[in-house]
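Here it is: the structure, laid out below.
Going by the order they are written in, the chains are A, B and C; count residues from 1 in each one.
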Amino acid sequence: MKILVTVKQVAALDDEFELRDDGRDVDEDFFEEDLNEFDHYSVEEALLIKEAAGDDAEVVIVTVGNEDTDDALRTALAKGADRGIRIWDESLADADGIAVAKVLAKVVEREKPDMVFTGAQSADFGSAVTGMALAGLLGWPHAAVVCNLEYSPGSDTATLRRELEGGLEEIMTVRCPAVLSIQLGINEPRYASLRGIKQAKQKPVDELTLDDLGLAADGVTSASRVRRMYAPEKGQAELITGSAAEQATRLAEIIKELRGM
Amino acid sequence: MANLIVIAEQRDGELRETSLETIAALTSIKQADDKLAVAIIAADPQAHVQALSVDGVDEVVAVKATDDFQPDLTEAVIVELAKERKPSVIAVAHGVDAWSFAPAAAVKLDSGLATDVMGLKVEDGELVATRAGYAEKVLVDIDFPEKETVLLTVRTNVFEPAAGSGSPEVTEMAPPEADVATTHEGWKPPADAGGIDIGGAEFILSIGRGVGDESNVEEFQELAENMGATLGCSRPIADNGWLPKAHQVGQSGQLAANCKLYIAMGVSGSVQHQWGMKHVENIVAVNTDPEASIFSIARYGIVGDMFEIAEELENHF
Amino acid sequence: MAFVSAADALISRLVALGDPYAALGAYDHMGDEERAMLQDIALGTRRQRLIVAAAPYAPAGLLELLSREADAALVLRLAKNPATPADALARLLAGNPPARVRRYIAAHAHAGELLTQLAQDNSIEVRRAVSGNAVATTEIVAALAIEDDGLIARNVAAAPNADAATLQQLWHVGDAWVRADVAAHPGCPPEILSQAETSDDALIRRKCASNPALPEAMLMRLLEDPDEQVRGAAVRNTAISGEQLDDADDPSAKVRRLFARRTRLLEAVIARLAADPDDWVRRWIARNSDVPAELLEQLAKDPAAAVRRSVARNPACPPDILSALAADPESWVRAGVALCEDAPDKAIAALLDDGDRDVLGALGRNPRTPPEQLLVIARHQDKDVRRSVAFNRAAPQEALAVLADDTYPLNRATLASRKDLTALLAERLLEDPEPQVRFAAAANLARTAATQT
């Protein structure tokens, strides 16, 4: 039994940032990088299934990224995943979710997992594309924004709930193997123990090239291209100025209006 | 002339209002000789035709199938429509259902794809979609080189729903063969909030380290009660034993899941705290430090002393 | 010389680690030579320099160094950073930065000397920031008050250094909001206070009633004001002593709540407030340390749990009442007892088997909790309960060692910032995966090395 979990190292921006010279992304000096928040939940869900199944289950973490993204991979391994796979080629520098999914599809064909989990979206761009595009490429059953999952390894269906708008949830069964995108709150992600963090450094990570996966660099095309990036005109809070009495008066008006008082 | 297609959606037999917003998004880039068709998959698609016959719609494509959401079926319909009509754009609302099928349909079509699109324009004859990035700190203009068809999911609450009434042509389309791998089993309604709790509260007054000492916490508790708010706090307050742990908002505390108005007083806005409340639509930040990171996610900001503001606020409730 | 060897050993360790966060933590406690080495580690890349320039925990010496660079992104961060020292701000200003940066400098608490120049800036935003800076001198404030700008007028009316002449001028030209703040200003001249006291505008009377320098006679008159908000402000004003507040029968519960918060109230007033029908009045009086034991005993049986909690948190609460409250059905009341450092052994003992996390968290902080129990709490399954032991000054080393291996990074960070951290634990935490932990551990080791002279 094998569960493959795809993860992403995402960047958060400082409050003040500068764009790259080509105007198509932010200068990476202003990035703070970390494992995508949603991925903590998808990794946890896989580990819970592994632990319930006993030792013969394997959790494999996959990421597409340069060597800096090893940190995200090791974070997931430190929590208890068994091994990692990292694929990189400079031609992927501007890859969108579709291009990344094309690479991941080759990894799935090679690894033949029983289940693939992804985060419901990434915290940086929130495109919510990679996981379900991967399912489309594989022709696998799929469901997005899963907030509850009942699945026992080896079973040919899983029962899940999808979190819809307004807190409504849909109960659904899905044929397995499947690609599921996992929502925040489905579980309570663990923190890695210090021992786990040490051990993660020794865990095997396969570093693959596009060539290893039988892909040509020009075969991994994106479905979109960034033409330009810019700061929105308004993103800052509307400042309520004046004396304290004046500010409080305005705030009271806002409260009463929003609360229908 | 170009074909534009909107995939309208229903849930449990009810048409989704967001379908009309998506129609409006495509109407905004529609040229005089373009044709806009709206497809609807439902057990009784004819029942939705009238609601979809709004300004700008030239055709409604009725696909008689089921009211259950089946991503595989929706993808098959999109592929079939694209094969038949070679549309330049296919759009659907950026809702949870679209998250399931839009990316899968895009790879099957080998189309362009942009999700959560909040603006559309045509530059030098090319479609350009605008979306946000890095937690809304930047905007990105996206184009789709060499793609004949572009699939878009459109952010909700951005475009005014299309209105008016037209008399579009109504065509029927037989549902295409699809290997449907999911089965709808039922619904689970949102948990009933009930009682005073952070997760269920619609109005939260939250205090942070700036509150200083325990008896000051009482003052804010009194203010919260007078305003009809639930009192929340950041971690240091709960760590000091000044409020029960259940009041703590943030990563090691509670998620303000149903909150509509969040007033943060003396909360600097650590990443952990923001996790529990950054999604709230109306955040008001009160802090003496104009550089506190809480201001970057607030809708309204007050640079000022939390005690003075609280004391003044007391006079209004 | 112990200093040389301890510091030398640490510096070689930090250089070997090459960790910018550990270097930042140790910096302030090191000599010039060592600082030069740490500076290279802390400021190695542009990303790192940007982080340091924005960090409120960054050593002033490093911020001063960064102010010598011409990088606009660094300049902006330094101007915003509250830790940036005066000489660095002066250097930033000398570089003719854009108005936005000048505005940040004008609002900076360390801007002192620079404000005279900034008060004449051609940008109104910059001058407004100067007028709102609490360190602006009387002269600067007076000069700005002449400007016809509503926001500057508001700032000046609330400026601590505004003098009587300036306030007088604002009283005559300002709108109601400005006049209200003038009436509340401790420097407000007496003739204006008299006008404010009898103003038709309740806001102005209320602000006048809150003036800490208000003459007693005026305050006594405002205590009888028909407006409850004015009376409330007068009750809050400590310009008269609690003993003079002899009439606590105000019809407004809001005003009586404010009475209950005053110290040195007359016994009869306290007794009336303790029997008030309003929960909040009893809640405040139950926390008041002037309340005699008999009344506290009565309030400890109050039907409102929040009132009983207040009794438990009253610093004057006698041991027998604390023991009784340790058996309260409401966990938040028991947690209040568990937080008391002077709770009797009996009360603490009664709480040791409590399953509630607020009670356990409070016990975890309490130095009176027996060491073996703190060890149990440090191993509790709830990460927030465990962290409480890291705040306990009497925590046994064994419990702290357990926290050094805690899976929750924040618990290790809290432990690492303890001033009494042993070298053994600090050494262990110096290579922690979490930057915040390494920073605090290095600061601890460096401080110890520096005191070993």
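The rule is short, and it goes like this: a contact is a pair of C-beta atoms (placed from the backbone, for glycine too) under 8 Å apart; a residue touches a chain by one contact, two chains touch by 3 or more.
Since the model is a prediction, treat every value here as computed from it, not as a measurement.
A complete topology is adopted by the chain contact network, contact being made between every pair of chains. The chain with its Cα centre farthest from the Cα centre of chain B is C.
Two chain pairs, A-B and A-C, are compared here, and A-B has more C-beta pairs in contact (counted per touch definition above). Distance from the chain A centre to the chain C centre is 38 Å, each centre being the mean of its Cα atoms.
Annotation: 18 Å between the Cα-based centres of chain A and chain B.
Residues of chain B in contact with two or more other chains: 315. Multi-chain contact residues, meaning those touching two or more other chains, occur in chain A at positions 244-245. Touching two or more other chains at once are residues 383, 408 of chain C. Residue ranges on chain C touching chain B, taken from their complex, read 80, 82, 107, 206, 229, 254, 257, 261, 280, 283-284, 287, 310, 313, 331-332, 335, 338-339, 357-358, 361-362, 365, 383-384, 387-388, 391, 408, 410.
The residues of chain B lying in touch with chain C in their complex are 214-215, 218, 222, 225, 238-241, 244-245, 252, 272, 289-291, 314-315. Within the complex, the chain A residues that touch chain B are 11-13, 15, 17, 26, 37, 96-98, 101-102, 120-121, 123-133, 135-137, 140-145, 159, 161-175, 178, 181, 185, 223-232, 235-240, 244-245, 247-249, 251-252, 254-256, 258-259, 261. Across the interface of their complex, chain A is touched by residues 45-47, 50, 54, 73, 76-77, 151, 154, 157-158, 177-178, 180-181, 203, 207, 383, 405, 407-409, 432-433 of chain C. Touching chain C in their complex are the following residues of chain A: 14, 16, 18, 28-31, 190-194, 197, 241-246.
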